[in-house]
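Going in written order, the chains are labelled A, B, C and D, and every chain counts its residues from 1.
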Amino acid sequence: MATTLDEAIEAILAAGRRLDSRGLAPATSGNYSVRLSDGRIAVTVSGRHKGRLGPDDIMLVDPEGDPLENKKPSAETALHTVVYQLHPQANAVLHVHSVPVVALTRHLRFSGELLLEGYEMLKAFPGMTTHEVTVSIPIFDNSQDVPALARDVVKDTDLRRREGRDVAPAYLIRGHGAYGWGKDMEEAERVIEGLEHLLSCEIEAIRLGTGGRT
Amino acid sequence: MATTLDEAIEAILAAGRRLDSRGLAPATSGNYSVRLSDGRIAVTVSGRHKGRLGPDDIMLVDPEGDPLENKKPSAETALHTVVYQLHPQANAVLHVHSVPVVALTRHLRFSGELLLEGYEMLKAFPGMTTHEVTVSIPIFDNSQDVPALARDVVKDTDLRRREGRDVAPAYLIRGHGAYGWGKDMEEAERVIEGLEHLLSCEIEAIRLGTGGRT
Amino acid sequence: MATTLDEAIEAILAAGRRLDSRGLAPATSGNYSVRLSDGRIAVTVSGRHKGRLGPDDIMLVDPEGDPLENKKPSAETALHTVVYQLHPQANAVLHVHSVPVVALTRHLRFSGELLLEGYEMLKAFPGMTTHEVTVSIPIFDNSQDVPALARDVVKDTDLRRREGRDVAPAYLIRGHGAYGWGKDMEEAERVIEGLEHLLSCEIEAIRLGTGGRT
Amino acid sequence: MATTLDEAIEAILAAGRRLDSRGLAPATSGNYSVRLSDGRIAVTVSGRHKGRLGPDDIMLVDPEGDPLENKKPSAETALHTVVYQLHPQANAVLHVHSVPVVALTRHLRFSGELLLEGYEMLKAFPGMTTHEVTVSIPIFDNSQDVPALARDVVKDTDLRRREGRDVAPAYLIRGHGAYGWGKDMEEAERVIEGLEHLLSCEIEAIRLGTGGRT
């Protein structure tokens, strides 16, 4: 499981091409990272199109998100590092923008969570072995104060842990996008693709008049 | 029509790339199989992304679904073997997850079948020569007890045969996905692509307020 | 403008790949043809997947649709030849299945035409120089009696010509698909892509509650 | 920042392939341009499919849009040159047709602007640093009188500047399509992809019954 910078770059570039081809990287949206074996984090630099990243579009930051190179990391780097701090088993984080995420989180305008239940695709989340569960995905209000958003994530995770509730490997930011993570890039992509499928199903249920459970 | 393991692997890998490119293989969902001329079954191993399968991601099981190699076959292998047992002419089975399948089977929450009629695309199903028919696609409630699901399939097929009703080359699992099969991989893909088109048309009819016949 | 068989084959194969990549060739649906300079017609054989056609999947028929080779032409060949007979300037015909075509023609269940007006995309049809028109696209009820369908096309075209109305380079078959044509394959593709865009806009208008003019 | 004709051609060809692959160039719709360092403008010629442009499909016009070569420039060239005249920092302009643009501008049938607020994706527009804004995208009624349309664009921009309002890097033409621009092709693509995402979100909001400006 030792991950080098070269492996991280290769994983991020491939993820960018795949997510873009699925419509999950419009404009220059999204940002991706991989945690190396030595604790440093490889993250996309600010403002590049994720469907055509090159090695120079990836840079190293330390575990607190401070740049280790003379480049400007993604403005949302703190939302990656908070995941690595809260989830020691996580080694890859993906953030994407998509129409279903934005439309659904705006539709649920006062809700702090999205409840998903009865979907086979819930098993795309690590550790899930059945569809007969209710999974809560946190929804945070959007903010340009990224450290404040990161504190919201910490607070919510701490509360769920104190209450003995499960913590999903993903969260949503209203009118903005989704974060998902895994023990490696393959698992992080599985979470993001599964989540996109689930949100699309929820939106279709609302359109068809049979709602989601929300 | 003699099918070797190499041919089966090639057919499954190509099907995975194609189904993924059509959005029918989100996360690591789906599983595919081909029956060899000698009766053994080549099936995808558990948990791989179907859009980028390699030869090592395919393994052999016997007609009862028991592994003939030291790998873990798809958890739903019994839903493939039951098709081969019930339909001697079937030599390829595809299982996919898609938003239309999930949304429609959840919308029809108490229904044990989906009725499709009047669509030219029904001719994608082998033996269908006209659109002027009503085709019944079974819908089974989802379960993590795969042998129990397989028994539901057997029971439903037996009942339809006793009643002299047609048995469609496909069935749906509620909130989960679709199974389709054919005499070879080409025919199985034709069934799955046709089914996806038909379910999308049914959903559109409900959205437009003109319903399906259900 | 002299068109040889080799050129016709190349044009049809490329059209198949492009239409399939746009979701306009699910299962083995659709059929395509090109009229050669000598009057013979190159048409797709029956039952092949249009996204992966090879040269052997194209065959020659005479202007009446009778096979000039020992292969089975598309079952709907008469719907191609009728276009060439009615429109001497047409040299390529495309027939596609798509969700918008099927959903919209079933929604307009008693209508014999679709009226499109005010769309800039109407200029994709040859000779259209403004969006300030109302274009009527005929809708025929589906039938497995292809010669009868062909006679419906002739009757409708004759009536429009007698009444001095424009004849659109396309028609729809309810619950089935669309036919479109042009002076060459490039123009036929322009008509089909433009039509698909227009039908998708009409469906969106109905979904949004602002209807189409129908 | 010096831009040569060769660089302009390469940028336009690549943009065409990418926009077509996203469904933003149906039929032969759309037109694209790049302003060279010497003030001349490279623009697509009339009537070609934008997904398969070659170098011969690009031609030079002067800043007033008059051809500098013996070819026919896009009929909407005046809508490109007006952008370059009004926005000295703009060096690339993209015009696309898409279902969301057409459906939304027809739905808002009497409105002269689309108001977008609260979306993170608004930051795809240059200079936008927060989602907490309301951005007004002008909507002009469609016309085949392109110089008149260009005068509408000038009048609207002048009025906004006199009133001290922001001028978005994009405008919409009802039932027709969208224009977007940037300091280079990369920025123009960012604007167009971001706009398409935003319009898709607005349409989804109307479908879900939670409106547009919310």
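Note that a contact is a pair of C-beta atoms (placed from the backbone, for glycine too) under 8 Å apart; a residue touches a chain by one contact, two chains touch by 3 or more.
The structure presented is a predicted model; accordingly, all values stated were derived computationally and were not measured.
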item: Touching chain C and also chain D, the following chains; value: none
item: Centre-to-centre distance between chain D and chain B (centres being mean Cα positions), rounded to whole Å; value: 44
item: Rounded Å distance, chain A centre to chain B centre (Cα mean); value: 31
item: In chain D, residues with contacts to at least two other chains; value: 207
item: Which pairs of chains touch, using the document's own definition; value: A-B, A-D, B-C, C-D
item: Of chain B, residues touching chain A in the complex; value: 23, 26-29, 49, 97, 99-100, 102-103, 106-107, 109, 142, 144, 173, 175-177, 203, 206-207
item: Of all residues in chain B, those that touch chain C in their complex; value: 22, 118-121, 124, 129-132, 186, 189-191, 193-194, 196-197, 200-201, 204-205, 207-208, 210
